[in-house]
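Going in written order, the chains are labelled A, B and C, and every chain counts its residues from 1.
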Amino acid sequence: MTLTELANPTRFLSLATRILPWLAMLTGLLLVIGLYQAALAPDDYQQGATVKIMFIHVPNAWLAMFVWGVMSVASLGTLVWRHPLADVAAKAAAPIGAAFTFLALVTGSLWGRPMWGTYWEWDARLTSVLILFLMYLGLIALWRAVEDPSRAARAAAVLTLVGAINIPIIKFSVDWWNTLHQPASVIRMGGSALDKSFLYPLLIMAVAFSLLFVTLHLAAMRNEILRRRLRSLQMLQASKPVALP
Amino acid sequence: MTALLSLIRRDIRIALRVGGGALIGVLFFLTVVVLMPFAIGPDLNLLARLGPAILWLGALLASLLTLDRLFMADHDDGSLDLILMSRTPLEFTCAAKALAHWLAAGVPLVVATPVLGLLLNLDASATSAVALTLLVGTPALTFTGMIGAALAVTLQRGGLLLAVLVLPLSIPVLIFGVAASNAAIVEQGTMSFSTPFSILCAISLASLVIGPFAAAASLRHGMD
Amino acid sequence: MMSLGPYASFIITSYVLVAAVVLLLIIWIAIDHRRVRARLHALEQAGMGRRSGRGTTDLK
């Protein structure tokens, strides 16, 4: 199915409904395998067992960025190619991406407490993710602030693309800022090169979380399409002349 | 060209009027800088150390305050529709409006900096460093803020949403602006003034291009 | 059960939190789905059909 064929919402709905159960099962399977591998992973000589937090922190952090990338591609679809499902994809992805970003922050903070002694540290990574979280919240607020879905879509598309350009700039700025104000501890999260025994569980969890995102995203897109159907029918109903007795 | 020039002149003239926002921006800048010592304490050494940061924060918040009216006022009286329908490319129009806004609201902030630097016990070289970074950095604040203003004009109650949208975009400017100011003051030798300063210039120049394009796209799509 | 070291509570808390938020997402999307379908169904009962004549809650 090419992208143009999928542009028909009804066809997309039928495809999504058919593959969702399989995706969900595959995601669940991979998550179970990943968790099992994470439990089996050895302790890090420096961090002890707390390195296990990495197996859920890193996938969430990676997804936080990846989802913004997905939304950016969708935004291009809205602005440049006017693909009908592009704004559905963008709108559905935003809350899911925000949730992953929030989890990245929280797990990062809980990982940081044993490592640095504080729940928050203004290091480059946590700070950039915090700013990314603010951007997600702003984007969601923008989606909700405009009544008409297609107008909201275009405004959100511009903001997403501007944000996408800005994310590397922010990352670079915060990295640079952080080297200026070097924090006391020099322990780097995750270490420079990951041993196989850490890499395998991490990769499995990363794939599992990515599949989780795809599953949730398709389900949310399905909801959004149905919601738009509902909205147009409601508007149609509201404009019908009421039969007077 | 004359169309753009007259737009700039008109915008500056409106902004410089009493309710226009340019002078209110400076007033807000002054207020923020005056409030800081009440929160931080009158320790002059501490204030001098924090001086560049306080000045930059004040300037950023003052810019944010005045950005609201960049498109809102035109939208309210209908001239935004006329601007959208005119033959001048919308990107140039947005750039012209941002330029006018910077001249009317941003430059006064830079001019006010030496006076406020006195309040914060900054010496002459420190104040001029901050003023220079502000001179280079406020265009970036205006032009990236314009994107938020254009997005917010499509909403009825833009206000606070504008601030939330614009702030993440302004963080790199803030980082490099303060870093450049501090580098000029504390001659540590670990970092020169030119590194953060040139990055600040680069960000400003990039925003001169990206800002108008993004703002024009927002206006075009949002005003349908 | 493997030994999670002195910071076991942090490890467990983070895993539990991730599980909780993921579950919340799933539940929210599922409830949303049910709500929208119910309202579409109600509209259909009230006589508002789609132009194609297919059912409003038809997913095929």
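Here, contacts are C-beta pairs under 8 Å (C-beta built on N, C-alpha and C of every residue); 3 or more make two chains touch, one makes a residue touch a chain.
In this text the structure is predicted, and so the values were computed from the model without any measurement.
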Legend entry - Most centrally placed chain - per-chain CA mean versus overall CA mean: A
Legend entry - Greatest separation from subunit B - chain, by CA centre: C
Legend entry - Centre distance in Å when subunit B and subunit C are each reduced to the mean of their C-alpha atoms: 43
Legend entry - Whole-Å gap between the CA centroids of subunit A and subunit B: 31
Inset, instruction - Report, in whole Å, the distance between the mean C-alpha point of subunit A and the mean C-alpha point of subunit C. - result: 16
Legend entry - Residues of subunit C touching subunit A in the complex: 2-8, 10-11, 13-15, 17-18, 21-22, 24-26, 29-30, 32-33, 36-37, 39-40, 43, 46, 48, 50, 54, 56-57, 59-60
Legend entry - For the subunit B and subunit A complex, residues of the former touching the latter: 147, 151, 154-155, 157, 161, 164-165, 167-169, 171-172, 175-176, 179, 191, 196, 199, 203, 210, 214, 217-218, 221-222, 224
Legend entry - Complex interface listing, subunit A residues touching subunit B: 79, 131, 134-135, 137-138, 141-142, 145-146, 151, 154-155, 157-159, 161-163, 165-166, 169-170, 172-174, 176-177, 180
Inset, instruction - Under the touch definition given earlier, write down the residues of subunit A that touch subunit C in their complex. - result: 10, 13-14, 17, 39, 43, 48-50, 52-53, 56-57, 60, 95-96, 99, 102-103, 106-107, 110-111, 113-114, 212, 216, 219-220, 222-223, 226-227, 229-230, 233-234, 236-237
